[in-house]
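Think of it as A, B, C and D in the order they're written, each chain with its own count starting at 1.
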């Protein structure tokens, strides 16, 4: 009797309406989409003041188009980061992916090429996963090592753009429906699949659990190693999709397609911007997409304002740090709000 | 129903279990007792498939099992509730309960079924404070434990439920709830293996008691035919004599070392207390009544925001632990591993941490030996990492760490939680000695006998305030009456 | 720098099969291109004396393009030029971009000059080109990040506005003109021939390259390799430096330690030449004949230490030409389909033409920028 | 106090194991690599070339020592490569404006700037609670962007010999200053880690909450680690600038090399465990590996592949060495499956 009574405030306070908790402004996922909207608005104002036009169709097309490649990689990166791992080999895998895609398409069919790229990606992801779980090498080092391995292979075998992508496949990179590039649908499809996997399947539940507390997950019967391996494979498959998209857009494979764009660190930045905890266990694909969009909008604004490319990096760095600093705040604010609520209860009692 | 036969297990070549045998009948509560490090948890982990035994067999309902993964044990009907919880704080109750065996429909996790079943199980346990969608981090420790139990029940047709010190994080009244739960489970024919350092619980609940010592089974006793003294003797291998050291005489109680007047913060209000040299002051209260908040406030970890406070005669309302430490206050926290120790550092480094951080007198290695001797530490040397020490010895390191700083006021929050009877007695003796040396001591404990046995005076907390003070020797009923005093307030104001 | 064009992409891939031996060189070595480039180095440029950025080599080969269809009505006054830049990720490109901007500043008739920087991302550059061709640019200048991969985007833009491609090429001839210096074979061969002259047969050569897998640098090396083979020089080390001077210095130091004596050093670009020079100094050895690029720090070292050296340039003055070409096109004047610029080589004789006192270490001598407004301050000189 | 006495052999094992700690494999790796170098290049151990090897390794070793401080306190410092680049470029830029500045002043200025970068990293991580991985990633972008924005893409000045002699020259004509710097940093690092600061730093990395409750000023301690790392990076910048002169990419990839070196040294990412000497040995191993690959003449392009394999294998073996052994001894039946 007594127990239930004295405890009631503690457990009652956080009890929320089902689902309501998912739409809080303080939730990073919501926050990052709001931030993207806010940045768009600010960009609109600034660019207009500057004498340009921001809210144009071609600009929207550009923003969406520029989100695709990073989006695909970042969505995959979210999967590994959720499980508490990390993939620094994505950049080289993209490069190799575009090369394999373009070369296979040159000699064979598009279907073979797609399968070849996905097979390659799966293999690299599997290797990453096995190194991380089997050899117990920290993911940072393991995937960095994998990046070196891929780099050596690429440099040893390619001397520049190679292969040729047929026009039919290039449509993926260039066609639009209305003002929406069709590759955006590829991104949406991949993101949707990953969202479903992470939120609705056992594997996804296990990914969150493994990232949240690997030991606890293992004790609960989650095959954590297998989960991490799957996450790495999923990530690599997304990277493969990014490589295919880039191949279609570039019309050829390029050995530096992934590295010069710094997809490795950029994708991690996007994931973190999207509110996924670097330690794993919290966050998700939806936020990541918001993060990618935010970066893309920023880029577009810089473009419109002809900002010095070096200065862009400065702003990007500041934005990333500031965003994550903001995410860290709501937790404190929430805790404070809870304290105040409790104090009020106490006041009522006294 | 369950038989463990001649189970042996070694870690790093050190034998931890020596051919232990144990059996369990359906509906039986079988207690497992022994000193810290006796091997209780290890034996249970072998049973639950977390460790593979070096030797020995496990037979459940006539089938011999050799589990290589906890899942297999779960599938066979063995559930284990860990000494440390294995819950994911950022996931919902339902997600935690079904972790590792989520129901799947058409390829997707069937959340609705999961939540429905969780709700059913919660209802079966008469647990109304939890909904399946609550995030575990928002639950109290006791409720988290309920989630653990529900998790074990949901696992399968559970035949055997192992509970490793389930009451350690609970307050007395919650223990009652747990008792009721355990009895209901037993009535369903589930065999329960119950580990605890609190003999009273063991006698309240169990039908038989198995005593482990140094990895060997000493005896299996029928509870009805034995006494606490006999069990203790089996555990410790000697008589412990009187449980508690003698209290302080009036002449030993000196001047006030710490006083507060009208102190409060978000969780506390109107705290007026005085801690005197040589005196051991106990603090009682229900879970969530603010005892931990009180010591954390005195220590500056969750500081008072109102009121007045003096330490050794000078006004000091610490805003940080550092200020408190400089003022001569020390706090032994309730969460030894999370807040008390740097587990991967050596005994020496832990013992010197406070001095190094606050006083900057790092190199006094000689002093460490003396301190560790004073707290009677048993370790393989001062370079041993504390993570390899038993709970009691870890607690001694924590105490040594504070003694190194030469405090005048010592605050203990649940100082003997998860500590075996032998080590407990040592800690009690130590606490009393420290008071004799002129320190003011405050003890928070959920174990009323301990509190009554140790305290020269008992303060009772309720809803963040001091509800009253009782003299030495007050009975449990007096304490409970004060602790639950807020019951008298009308329903409306509490809501 | 690493910005030579990929010269052979437009050619029949079969041509590359004809290299004689089965080693790796054959993969990308293109005999026809090689021959053509070496031929061009001997040709006399057409165009105004002393303004190499307006000169052209053998313009007849690609034919002249009639640009009257692009001529702006009412003259070029108020023209808007757009530039899709691959990026400014190395000093060569930074000097180039400054030079280009100074060229633009010279022309009052250019009302607006928009630059989008792709920061090394092919994907972004494609979008940039799309965006620019959607704006009201009168002409689009493209410096592609990667040969081949920008082809579709450039083709799309060609349909809308006149496009000028320079530095690296694309696999389409839809651009009105493609501007570039002679190319990598000529560069590599110039440096190698110098060593062949300076070093006795059998001499030990160390070759330092930036990184493998970059087509534009492979041509330089393959031309050098042929020259060394022919002359019987012993190439004892071929190493990649990643453009990192400290790595280059380590490699050369190790080579000195291992081979005792090095008779010549060949480089595929200038970033690490000074480091190589210092490696000899630090080892207490005489500095052998060495090749570099027209980067200021190397020229400085050459002067101060009286090196036996040569510095083929991949001239940054080529960044001026696209602007000039754009204006020509908008005026309806004809331009060559392939505008091949001279590719100077800094030698003992013409050293003073390229070495300018007071310029910063990462400046490029063959910038053709001395007469431009803002020189030398805008280029960091004093 | 009572010391329970386990069998003598376990004590010996425990003793040796503890002494070497998790760093044991790196010393083996280093020994193997050095032996391989001796076989490949008989002249390697002549004093001159060996000192030259240390001189070359010095920047990475110093970076590793700084990175160790941050990693052991539970963080990451991805900005050190950018600090090196920025340091070299800023030094040159500064000399562009003040060609006659005394080298000591410029060096001190750079060290101070490095310390300030570290301070900012530390404050953002500890006060704003941004994970250090993100803080320093952002800082890397900011520094690279800012320094090139400032210099308009490339530095304007020439580094004079006086400034460069620290990274290039020798004391007394034979002992490279860089080697002295390396020794000094090593000595300071060891001294620091034995001091109150070092012990509290380890404890903080191990259990931040426990440290805070023991009176450790956690933000200050962790910030100090970043300051040390920033300063070490600036020192590395001075050495690199001296060794090889102005370059716009002087520090490229050094952050990854430094972290790899620290991990090779058996230091655990996440904090609380590992020794600074082992981390520095990790840096030497990495440099020895680079040198060996160079001398072996592994096909240039494949060099990074080989490097990748070796790093993974070395860290993998390091991870396996103890935990595996322990598990194998304690769980002989692990592989066996039931039913």
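Going forward, a contact is a pair of C-beta atoms (placed from the backbone, for glycine too) under 8 Å apart; a residue touches a chain by one contact, two chains touch by 3 or more.
What you see is a predicted model, and the numbers here were worked out from it, not measured in a lab.
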| item | value |
| --- | --- |
| Chain pair with more C-beta contacts, C-D versus A-B | A-B |
| Between chain D and chain B, distance of the C-alpha-averaged centres to the nearest whole Å | 42 |
| Centroid distance [mean C-alpha coordinates] between chain D and chain C, Å | 38 |
| Rounded Å distance, chain A centre to chain D centre (Cα mean) | 30 |
| Residues of chain D whose C-beta touches two or more other chains | 153, 300-301, 303 |
| Where chain B touches two or more other chains at once, by residue number | none |
| Contacts with two or more other chains, residues of chain C listed in rising order | 88, 212-213 |
| Chains touching one another, given as label pairs in label order | A-B, A-C, A-D, B-D, C-D |
| Contact set on chain A toward chain C in their complex | 58-59, 61-62, 65-66, 69, 154-161, 170, 173-174, 246, 249-252, 254-257, 260-261, 299, 303, 306, 309-310, 312 |
| Complex contacts: residues of chain B adjacent to chain A | 50, 69-71, 74, 80, 82, 85-91, 95, 99-102, 104, 107-109, 111, 128-131, 133-135, 138-140, 142-143, 151, 173-174, 176-177, 266-267, 269-270, 286-289, 463-465, 484, 486-487, 489, 493-494 |
| Residue ranges of chain D in contact with chain B within the complex | 1-4, 6, 10-11, 14, 18, 195-196, 199-200, 202-203, 206-207, 209-217, 272-273, 326, 329-334, 336-339 |
| Chain D-touching residues of chain A, taken from the complex the two chains share | 131, 135-138, 140-142, 144-153, 155-157, 265, 268-269, 272, 278-279, 308, 310-318, 320-321, 324-325, 328-329 |
| Chain B to chain D touching residues, read off their complex | 9-14, 51-54, 65-68, 72, 299, 301, 321-322, 325-326, 331, 333, 338-345, 349-350, 352-354, 356-358, 360-362, 369, 372-373, 376-381, 383, 401, 405 |
